[in-house]
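Across the two complexes that follow, chain A remains constant while its partner is chain B and subsequently chain C.
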Partner chain A sequence: MSLQKPIMRGLLAKRLRFHLPIAFALSLIAAAAFKYGVTEPRKQAYADFYKQYDAMKEFNGMKEAGIFESVRPSGE
Partner chain B sequence: MFSAVVRLSASGVRSLARTRPCYTAPLASRCYSHGKAETDEEFDARWITYFNKPDIDAWELKKGMNTLIGYDLVPEPKILDSALRACRRLNDLASAIRILEAVKDKSGPHKGIYPYLIQELNPTLKELGISTPEELGMDHV
Partner chain C sequence: MLHMTVGRVGSLLTRRGVMALTSGNVRMASHGHGVSEQADLSLPMYWDRLDTPLPDKAYKDDLTAADKSLKQKEKGPWTQLTNEEKIALYRIAFKDTYPEMKVPSHEWKTVVGGILIFIGITGLIVIWQSHFVYPPTPHTFAPEWQAKQTQRMLDMRVNPIEGFATNWDYEKKQWK
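After this line comes the complex of A and B, so read on.
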């Protein structure tokens, strides 16, 4: 029983034709997942933190804690 | 090969109709906007002629095989026949057996190609006294 002639040309092209769109799609999905799963929540967390941030209050808290050299707590 | 990657990745399924003329001859041929693309038969004939050169030298044999292996295809039996005869003229049994190993490797996951090639090349292998890697036990580690 002799063998039929198989397809011998363009095998890589055929494989790429199938796999490359999948690869691109998966890469885009991975990038989108990271953007919306990690970076956007992170940015939102920072935005939320600083929305009600009172710099002077924080500064005075640090000052009273005595961590600065140029300005001492109000007691000294 | 790179041209195949660029063509296929950029357009995917949408441009199947547009790229089809190139797709049927996707080997070393480029998608010229000028001139005709080489047909498969012309490609095969060119390579058969290359290896049929009576006074081909060892360098040309190696160069030819390396170039041929670089294409996105498994060489036709008639090209391999021509190359094996060139090996015979050069008294290079090692290269002859290596050619068989190479085309098996080129088939990749397509297990049907190599048995077909051996089937087609059997008369030549017998005539030239070339053993296959399998017969020599060289097909496994």
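After this line comes the complex of A and C, so read on.
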């Protein structure tokens, strides 16, 4: 009944050597996924919106719908 | 409590916590383990716990003559002990082995059942409350009002870049 002596030292170091690179890699992947999945499309959406944006046309549309209090639709 | 040092409070809480959590102290016979009586919490206690391995005292208090001679033999070199003697020494110091401690019980069924019963009672209370306590729903929840509200949101161009107003086609005057 003689067992092998178990590993007594360096347990945390062994765990860190395994888990830290994985943690770093996953964090970088998460950051990259958010950047290219969320922020870049959002910036592009804003750019595309304002490329063809006619502020006066939108304003007149809102004015005719009657939502402003300072300027009423042209009919009134 | 002011005269107690922090250490004493800590050890008192440990013993109380251990008493409350000792799996060997389960009081329901239907859970499949023996029922034990309350111990004197002011004396060193024995426990079987997976996470706290070394109890304050050994399991067997009254040793037979054979046990006593075995404890004498334990004071010498352990290589002279047979395997049966080593197991007997273990059983003097401890009640269960780790596999015996880990034997599953039926307690989880009681726990799940209790959880579901209380969720059900809460559901009944919620139903009673929604019928007898709540005031009438505000008029702003009526479908006609909701339609006018939606039209006003579209007129205002709410979130026109990525949100609400992007779902409406302003030329064709319909949802995209």
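Following the convention adopted for this analysis, the second predicted complex is superposed on the first by the 75 of 76 C-alpha atoms of A that agree within 3 Å, B and C clash if a C-alpha of one lies under 4 Å from a C-alpha of the other, contacts with A are read in each partner's own complex, and residues count from 1 in each chain.
By our rule, a contact is a pair of C-beta atoms (placed from the backbone, for glycine too) under 8 Å apart; a residue touches a chain by one contact, two chains touch by 3 or more.
The structure presented is a predicted model; accordingly, all values stated were derived computationally and were not measured.
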Next on the checklist: With both complexes superposed on chain A, which partner does A:R42 reach: first (chain B), second (chain C), both or neither?
Outcome noted: second
Checklist entry - Which holds for A:Q52: it touches chain B only (first), chain C only (second), both, or neither? => result neither
Checklist entry - Which partner does A:S74 contact after superposing on A: first (chain B), second (chain C), both, neither? => result neither
Next on the checklist: Which chain, chain B or chain C, ends up touching more residues of chain A in the combined arrangement?
Outcome noted: B
Checklist entry - Is A:L20 touching the first partner chain B, the second partner chain C, both, or neither of them? => result first
Next on the checklist: Applying the document's definition of touch, where does A:P6 land relative to chain B and chain C: first, second, both, or neither?
Outcome noted: first
Checklist entry - If you stack the two complexes on chain A, which partner ends up touching A:G66: first (chain B), second (chain C), both, or neither? => result second
Checklist entry - Following superposition on chain A, which residues of chain A contact chain B and also contact chain C? => result none
Item to check | Contacting residues of chain B [partner chain A, same complex] | outcome: 1, 4-5, 8-9, 12-13, 23-27, 40, 72-76, 107-108, 110, 112-113, 115-116, 119
Checklist entry - Which of the residues in chain A end up touching chain B in this complex? => result 2-13, 16-17, 20-21, 24
Checklist entry - Quick one: in the complex, what on chain A touches chain C? => result 1, 42, 45-46, 49, 58, 61-62, 65-67
Checklist entry - Of all residues in chain C, which touch chain A in the complex? => result 83, 152, 155-157, 160-162, 170
